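Chain nomenclature is as follows: A, B, C, D, E and F, assigned in order of appearance, with residue numbering initiated at 1 for each chain independently.
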């Protein structure tokens, strides 16, 4: 499954994630790149349903080797674009989540590690439901919002609550959950209380700059250890200067460089999946947010490839 | 309720529809201007939830007198912006429709004629439910699509079906329904069959140019007569050159001039309400689609004011 | 003064009007192309101060021969970009007008015919003051608005009134003034009363389509005859589909094709100057309005070149 | 090869032309949809290399049945996206043309009829070289420019000359070539002389409106008869109001509706291929030009499907 | 005066500042949010007259509690949108300033603390005239420019000079004035000489990074002490990456995070008013500059609420 | 050659670089500002051919004195816009390079120091060919890419290879070449091997932040010493937040402030020329990338003026 497409002019050809082969059959795939074009859980500006398409488009700017870490994921494992997890009833939030979950269960059954592009943040819930079959996962969560809120406008499954429900359903371990980049005004001062009460580590922006990027990485690694971990990246974690094309921008976030450095800092962790969410092309006239999304996705692929390699080595050593 | 705001610089002040007074109490209102920021019924590109805000903003370019017809609606009756019909459960299509309907029922009870700005086209259904209490209405329907389709993706209440349901529920009389501007490719050749089978008059674009604008007006007036009539204007009726900011644009529509002329041609009809829908600001970088929407809304206000005046005169004559 | 620049790639070089030589000295110029970057007379959205720059930029798409009429203006006479008529006190409307007038008086003294790019429509007033030294001119006026209004917000010299003042000052003959494309809502039904009372010919959009383009041309020619005539083109005469980048767009105008055809229909008239105004680049993200402005300007140059040639012939014949 | 993808939400999945299956093998394809991402022949603004990607993206808005004509191309024949004809040496114009030609020769050998999306207009030359193996074709050419110019800036193979070369190489019959929509200024009055001298029928915009759309269709059909015909559609044929995203816009063209009607008027002709060129996404912020391009492409597919059906019937009748 | 509107979907309803109640009567208002849609003092690109509208629109993204400081301004005091300070003669700079001053005098008389959104920076002058009735104020001034220049183009009241005049009129104390973020090229090296000569503290960008944000805060607090202070925030203080939509951008400024942190650092100071100016929507296609403006305005409201609370406590203690 | 244009409103007049006089004759010019509108060497997104025009336009925001360093370049020497280095055969990469080289040889012969605006990065090669007549130059190279790659798509002269060829031709000394800002994914891990093997100093982004801006400046100065040096600035060196309008953006670069500080840190070095390249206006809707480009160009002019002054002093001292 070498990737000749990456050698062609970047504006040419069908736009798949990273110009990887399109493999909807899921056969012989180690890392499955998946679009989840669903934004039915959004509380304000929509448009992330168009995220997968535009991230695919911009991801043609990505190449095959990570220059900083030397990781060459497409040589280390078989990476394919397996298409979109379609919400079969897009007008119903919970039914949509069920069909997304079913798609990811198939991916997991096929033995592939999923790296996804959203869609709104509510999609992480059905993904976690598919992934956390053997017990709660650790969660590395980049975001401006804790997304551990309560019911809103009559629903508890919207994009501001997935990680509260994930704890309640035993999908993630709050003591191994870390949320990085929280900021902005809130509707009530208790809105993220669940994060604190359940034992999550919440790093607000002021503390972020006190710790520094390396300090944050150290905390993540210490907290998560070798627990199987899911990495979720909401582009609104970044300052709007870096990612204006999102539904709920919050002024005062970190930079793209700081984000990439943090993800690279996860190398060697026991990553079992990841997503980049909340890229909203209608609010992104230059495509730069989708480009950041594609770049984050590439870094996620790299640390996933490293995790796969490590698990293979461990399995070999054990055998 | 004179409208001093219209004498101030147009970029100034709070943006209400036509710079009319903001009157959420509904007291002393003859024509109620209403936003319906709901796009939960959309099958492709969303964003019309932002329509009312941007139409309000662009409507500051409107002034007080219709130069073509001489109608001065704000002198003829009391016109106010009464705020938004909010979907209380925006994550549920049918529940949203119920709360929209409830809002319009209050407007009707208060004795006001509603002119609305959407939102997606599914909102016409709850509006008609609130308006058609005394029997089916006639419908003058400007659109690229008949919107009389069947279930789609598990729902029958989406923005491609309101007028089929409206017939089924006895809200509109299909024999007094005329659909103008139909075109584009379709998913199956039977998709608008309901329009034809139920007896609606469907004017496709080719026939539109054969009849000419005056011919179309003549047909509308003959068909509708003095039946109480609702006028619904989907901006995708216009060619994308005139209204690019919409969710389902179809190349090959009529011009703004032709549209305005048709609406003016309805003067004297027994209009009981109207809406302009499917303006999607995220796809409208210049605001020109919202400007067209505001202009159409102004014309709807004018023919509504004429209808009110006529009904008052008739009532006086009768008394 | 041949124009080699027009043979180079169109994206290259300093941007002058039509890639003509830059000749601020006014020496040896028959037709002077002038920018008037002033928008201090605007009542709503500004930005036309940037019009000359962007029209210069887009005018690189123009070439040397008018394919429809065969006119080759740059061979028939010496055409140069003579720079900008700068308002010396841009914070004062009347002082600005005085400095604009002074610039055009120099142009006229140098024997050049001015074709200008605005700027807002108020600039036509100082231009007419410079040109109409020998008695009132005829005026061919393309616009959505009559611009014959009264005081507004404490000033009578804004962009909605120049032609009322021009009549009052004897600069134009209202009986030889024709206004084409009038439409839109108005603040009071008497706002353009001056046009009618003074004897101007006002063609509203409905009548425009009744007459047809040729009918309008016939009226213009009959009305103006061989009186020295000024041609002023406000881009808001066009429908916003053709010219969205302007301060006061009015839905329902004519097309670019119809406009070009009307200007070409003025060939042979005794044109003494012309302008294209109200191109507002900040509201014109694609540059298409500036392109239309540049195209109109090219057509004005062509009919000016024809007028010059005709006057030369007449002078020779007389001699 | 049914097309289930067309039943899914239009924003979902990999973007292929018309959401057709991706079939780079060329096996079992009747109509091959091809991207030609090459703009090395452009004389001014580039960007059409991005045309195929964005036309693919916007073509998701197309559906399966032509509502006007009733043609259902995807049921009548096997239509597939076969990928891009890549210029192997994009820095060399002639070498690029050779590799494009080679791609189309493979398509023709595989028995498929090619409908392409450019790219600049120079690509029609290598396509014609691949198609016109059995003698010169008729050419139906929609454009603002004749594209029969001479050398420019040291090359004769640029996007302003393909049809002169095509005549010289015997690929098209000038007496069966018709060019529709010509307008704009020109660098010298002789620039399109080759069109006239060689016997092409050139319809300038003024004559276009004199003839009317039906008159133009009649001329095309009479001129071409049943000669194998190629249809080439440069989006700059349209007025910039309808297609601003192109490299060489010319103010004053026809409308989208008129264009679609003309293409539909070719139904029953012996079409052997077609292209839509000069869509330049960097100059098309709303995507509306790519949408028009996709719509034109759909109409070309429809008349191609009709031609294929007709040839099959003729072959059967003969057998 | 609780603010239920903040609980509704953020895209809904009339757009007021922070979705606060609209209270043009000024009755029962502690903090008055005011738009000043005036840009007649601008020396280059205009458009800030549209600032208040778009800041109102984007401010719907703000919520009720400041997550960083815990301040809940809408519970601490009565905050209302009191409408716009309209320039009654927008064509005259000084007359406009007089009517703006009159508006703010009414606000001050009504006992409300004004937080404003401009408009260009010239508006701070009439605001200071209304506020500094009891002696010169301290000034905390975030900007890329000192705005203490001389006459320009015939006027001394433009947006590059308000603080020179404010010193001359005794409205601010130069020894308690601090200007933060100064940079960019200048027309002459003496242009900001007045700042230095009068004793203002000027922090250029190089020194800004030497001091660090906390160092700057320390200087501000030491300099101002408990003198009544006005805070003025010109968005061009920020790097264009964070605030491109402004008239005079200067490359090389600080980040949004750094700005928010500095404003929060003013908590406890004796703030008597504040403004955010120079947001120019026509140059801000994504709305991100207006969003930053709204966020800065929210922080100003928070420190104003704290100041009000403190003064109430002091008054109580004294009583 | 004083520069009165800089005293006029910045939106007015012909757009030349820094509003300097237009001097195509090259007479009496110390620093020649040159546009190189060529993007034929681009491997992905084009559009930099429009860079010079838009940098000229945005450079009107520049003024005459560098506030940070006090340098007043237009007083220290004669600076002029000398027009564009036109590629005479834009369809041929190598021929284009030859004509660019010829233009710069004329500039050098005329005794002027060239500061250029591209154009893609391939243009630095012909410029270096013109400048390095007396032996290899030192090179200070700001970029996300080393641009020392091999053949790509059949050509070795594209924008990813100029500095490899420059070393091979003896135009630059690799041991006095420093490349700052390298990052992003690569097609193979050996792609920039030439940089390392030839002895260039390559500073990747991680190291950049370890060294800090001052550390980088120190390295540059130590490495280059007083060798004649060329400074080349690819705007993709900056993070896309600061410079989105470029063909090959790479997420994770430095800020504008850091870039300006580094260039100012070169003051006193023996600069013989410089360029800013890869500004691509079609991808820069707000013009902010062109503004950064213009600002960088201004800083380059300042250090060039300092170098000229120093060389004059040295020459005087020697004499």
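Heads up, the rule we're going with is that a contact is a pair of C-beta atoms (placed from the backbone, for glycine too) under 8 Å apart; a residue touches a chain by one contact, two chains touch by 3 or more.
Computed from a prediction, not measured in an experiment: that's the story for all the values here.
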| item | value |
| --- | --- |
| Chain labels contacting subunit B and also subunit F | A, C, D, E |
| Labels of chains that are neighbours to subunit A and to subunit D | B, F |
| Angle (degrees, nearest 5) of the CA superposition of subunit B onto subunit D | 120 |
| Of all other chains, the one whose Cα centre sits farthest from subunit E | D |
| Same or different contact residues where subunit E meets its copy subunit A, judged by the half mark | different |
| Reference subunit A; chain at largest CA-centroid distance | C |
| Between subunit C and subunit D, centroid-to-centroid distance (C-alpha), Å | 38 |
| Per-residue overlap in subunit C, given as positions that touch at least 2 other chains | 9, 11, 45, 49-50, 90, 153, 239, 241, 283, 285 |
| All chain pairs that touch each other | A-B, A-D, A-E, A-F, B-C, B-D, B-E, C-D, C-E, C-F, D-F, E-F |
| Complex contact set, residues of subunit A against subunit E | 43-45, 153, 182-189, 204-206, 209, 239-241, 244-245, 248-249, 251-253, 283-285 |
| Of all residues in subunit F, those that touch subunit E in their complex | 6-7, 9-11, 61-68, 70, 72, 239, 241-242, 255-257, 260-261, 285-286, 288, 291-292, 295, 298 |
| Subunit D - residues contacting subunit F, complex | 39-41, 45-47, 49-50, 88-93, 95, 153-155, 157-158, 282-283, 285 |
| In the complex, subunit B residues that touch subunit E | 8-9, 11-16, 22, 35, 37, 49-50, 52-53, 56-57, 81, 83-84, 86-87, 90, 285 |
